[in-house]
Amino acid sequence: MSLIDVQALPDDRGVALDAVGVEGLRYPLLLGDGQGGKRDTAATMTMTVDLAADVKGAHLSRFVEVLHAWRDQLDASSMLLMADDLRQRMGSRRATVTASFVYFLERQAPATGATSFMDYPCAVTATIGPDCNVVQLRTEVAVTSVCPCSKAISDYGAHNQRGRVTIDVDLEDPGSDLWFDELINVAERCGSSPLYALLKRTDERYVTMAAYEHPVFVEDMARNVVTALRDDPRITRGTVQVVNDESIHNHAAFTRVSWPTQDGS
Amino acid sequence: MSLIDVQALPDDRGVALDAVGVEGLRYPLLLGDGQGGKRDTAATMTMTVDLAADVKGAHLSRFVEVLHAWRDQLDASSMLLMADDLRQRMGSRRATVTASFVYFLERQAPATGATSFMDYPCAVTATIGPDCNVVQLRTEVAVTSVCPCSKAISDYGAHNQRGRVTIDVDLEDPGSDLWFDELINVAERCGSSPLYALLKRTDERYVTMAAYEHPVFVEDMARNVVTALRDDPRITRGTVQVVNDESIHNHAAFTRVSWPTQDGS
Amino acid sequence: MSLIDVQALPDDRGVALDAVGVEGLRYPLLLGDGQGGKRDTAATMTMTVDLAADVKGAHLSRFVEVLHAWRDQLDASSMLLMADDLRQRMGSRRATVTASFVYFLERQAPATGATSFMDYPCAVTATIGPDCNVVQLRTEVAVTSVCPCSKAISDYGAHNQRGRVTIDVDLEDPGSDLWFDELINVAERCGSSPLYALLKRTDERYVTMAAYEHPVFVEDMARNVVTALRDDPRITRGTVQVVNDESIHNHAAFTRVSWPTQDGS
Amino acid sequence: MSLIDVQALPDDRGVALDAVGVEGLRYPLLLGDGQGGKRDTAATMTMTVDLAADVKGAHLSRFVEVLHAWRDQLDASSMLLMADDLRQRMGSRRATVTASFVYFLERQAPATGATSFMDYPCAVTATIGPDCNVVQLRTEVAVTSVCPCSKAISDYGAHNQRGRVTIDVDLEDPGSDLWFDELINVAERCGSSPLYALLKRTDERYVTMAAYEHPVFVEDMARNVVTALRDDPRITRGTVQVVNDESIHNHAAFTRVSWPTQDGS
């Protein structure tokens, strides 16, 4: 049976589209762990291409075919190859692929050394086009922050809370050895203390006092991340956001900064 | 034009349905404020009826017609009348209507008296049927809690965080004078400190120190709410849940308790 | 260093708590796949125990220790053993453990046989206590539904939409061979058509026409599930909910039914 | 009592911040309705300023004070005045304020004229700085779309679903008469049919058949919006996104386009 190809029909509205594709596609991937191993990962995918002004639509089933073909070998480098494969199969100039997932690291509690896992929402985005060819890493790290103002103005105590530090970086080279673990470590050092799934009583004492000794605003956390990463030659640009779920308010404190700045600093 | 009434067709599978209706319907309501006034409110509605085993379907457009007719006069009593109107129009034995919305109260900061609004997600549910005729109030109140263990075992500091106290109560009488304001006050007194949208520096000092002086676990918060409400003759039964976004973990502490207990205590 | 055990202190408010524990804990698990294999799974955990009226608090770190010890061997039977381990370690009468995760199944497109994965949010809950000892399975399955009314009253076309069928069942025996795959199949047969991640053009034609030939209301979908499962001896009780994201409204159609009914039917 | 001003302390890390402020602040506003009236609105606010490299922190309580002072008179023009007030109080170069809320319009069903309300998530953003002075409107409109491919290749039926059309525009003039109502109308005309909260049977027939006669891809919807708005002199730039919750898949189709294009078309 021959079925009409509606997507391939011409379009005369004269509107090229920046991005057409699929979003919210949950898929099981084998993701490289940055140390040569692979992990089963339940990822959420966004995949898009640009569409010329004179074509009615994109064939969305091809996005899933491309993903299915690459699904057991994804890392920063192969994400870019997958984006290029997608770009070619769609006859597009540009393609972008994002895989988002929860990444886990085993952590030791600071006093007892008790072992547990911490969870970090992460993402890899690969974009390929006539003017770009780039892999971006994103990681979101929960930390605790003690308020420097509250500590300084109070005779005892200090409000503190959970915050989320989100780091986005463009890799200078898709084959870079920069991976999530390193970015997560930077984020965890920028706050008053890292978080742990498991803390025994002596650990809780340790974390409480260590955090109290290192109060930070959202501004401090963002600046600490920028200071740690802005001179890293493996990173061409970055953005840090910090959202702090203030424990004395029902709203969040927020900050954002990108580098390099427009004047090159 | 005569159109077939598909919903009214018979069904032979022998399965009566506990609830059929609409969910996630956002609608502008005029909601009584418990003091004789009315407020414009953007509510999210759930409305259901039961369905007999021998009928194929419910006419869902009638749910919206009933809501539209009652929308400018809703309070605890009229929600029950609306549920009864729905029950009758649908030819059902039982109907349940829930309106969920954000409720605001003006608050004064504890030291400067500076004024701002706090937000409280609230809901009213009315159920009418052969064996019940009840209005329920729900309110969710954000508070701060200082951890008693962290304080006791540390030389200085104590981890604290934002928590959410959810109170559900069945009213003994739909015309009761119990309204959200009173439940919110109970919830705000159960934690280490209420939250405020606006705190100047002397207020922040006040809240920091007051919270440090009143450490509570989630267990304490739930018990404080039960102690305040379990003997209130306007309430026939209740449930309290507390979810604490622990600032030293990336997960929450949780507790739940209902009263009266099965042995009547 | 000897640190005070604040949780073990007495409490005199006379309020026993139904549930105390952790919520929203994301953890990497090895989950049995029902066929003897195991899968790496990013689960979200809720774990609670009851707390006697005369004890101030529960030691929440033990919940994570128990989970960490069992994390590489979870299935329906071992979830119950883990709940019992938790109950004993906490000195409680009752413990409940829920693991929620996305489950994937490989599917073939109906005409071309093209292969892709479908995603199904699933959960296992194990509860152990003096009066119960039960494992529950939950699965949430997205399907498409064509509206029988819209089809019957229109000369052409019929509105259709994505819906979510949620099935909860209590297993008669924790060692039962009933697993998610079977419940998912029941849910996918109850609607107008299953969904697929990948459909080529002849598949899309197949699904469009098959769905148009099998119109269903949310009421029909729920009844189809009940009819398929209510006589299954491996299931002691169940609940079905269907939420349909109506394509002609901005709200959902909803239904819910549990079995057995109170009169035993 | 004199309390130290920690935020005003110097900072030597040499990192200016692009944005510091509050996020997720729910507040009751009186919002202009574009026709000279005002509506009580439960808004969610984001408010930020930039922060110089040599200052430690921003005084976040001032954000709430500014909002509280302006809260009973907000429209496109006064949002910009509020942003300027914030900028001056903070001693910053740039300030951005966003108010997000649900906007309702009364709609008549297409055959019976039955009246109900439709809900539209909307937002106003005002930004003021040395190089900009702009008000942006955002509206998100749910519509239904019938798939042109599914219709063309099938003997009967066609899959359709709910989609969300998001339009962002920069106003040429903050005092412009362009308001949400007009953007919502454009979005509702771009799909296969508008949605309604209330449709009687003859309305459902009307909508089903009208939608079947006007099939559209996400690409078509985006292009229809661009065609309607790109020559409007009141708009200096715009972006359209369409997310379609495909009824035959468990993922969404997505498109995005901005105008004017870089080559000025």
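Per-chain numbering from 1; labels A, B, C and D assigned in written order.
FYI, a residue touches a chain if its C-beta (ideal position, glycine included) is under 8 Å from a C-beta of that chain, and two chains touch if they have at least 3 such contacts.
Bear in mind that the values here come from a model prediction, so they are computed numbers and not experimental data.
> Thinking of B-C, which of A-D, B-D or C-D forms a repeat of its interface, with over half the contact pairs identical?
Among A-D, B-D or C-D, the interface that shares over half of its contact pairs with B-C is A-D.
> Taking each chain's centre as the mean of its C-alpha atoms, which one ends up farthest from the centre of subunit C?
Between subunit C and every other chain, the largest centroid distance is to D.
> Cα centroid separation between subunit A and subunit C, in whole Å?
29
> Find the geometric centre of each of subunit A and subunit B from their Cα atoms only, then give the gap between the two centres in Å, rounded to an integer.
35
> In angstrom, rounded to a whole number, how far apart do the mean CA points of subunit A and subunit D lie?
25
> Name the residues of subunit A that each touch 2 or more other chains.
Each of 3, 25-26, 119, 149, 153, 197, 199, 201, 205, 250-251 in subunit A touches at least two other chains.
> Applying the document's contact rule, which stretches of subunit D touch subunit B when the two form their complex?
Subunit D reaches subunit B through residues 1, 3, 5, 25-28, 39-42, 61, 64-65, 68, 101-102, 104, 114-117, 119, 197-202, 205.
> Note which residues of subunit C are touching subunit D in the complex, please.
That would be residues 118-119, 142, 144, 146, 149-150, 153-162, 193, 195-197, 199, 201, 204-205, 207-209, 211-212, 245-251 of subunit C.
> Where on subunit D is subunit A touching in the complex?
Within the complex, subunit D touches subunit A at residues 3-4, 6-7, 11, 13-26, 45-46, 48, 51, 56-58, 60, 148-149, 152-153, 217-220, 222-224, 226-227, 243, 250-258, 261, 265.
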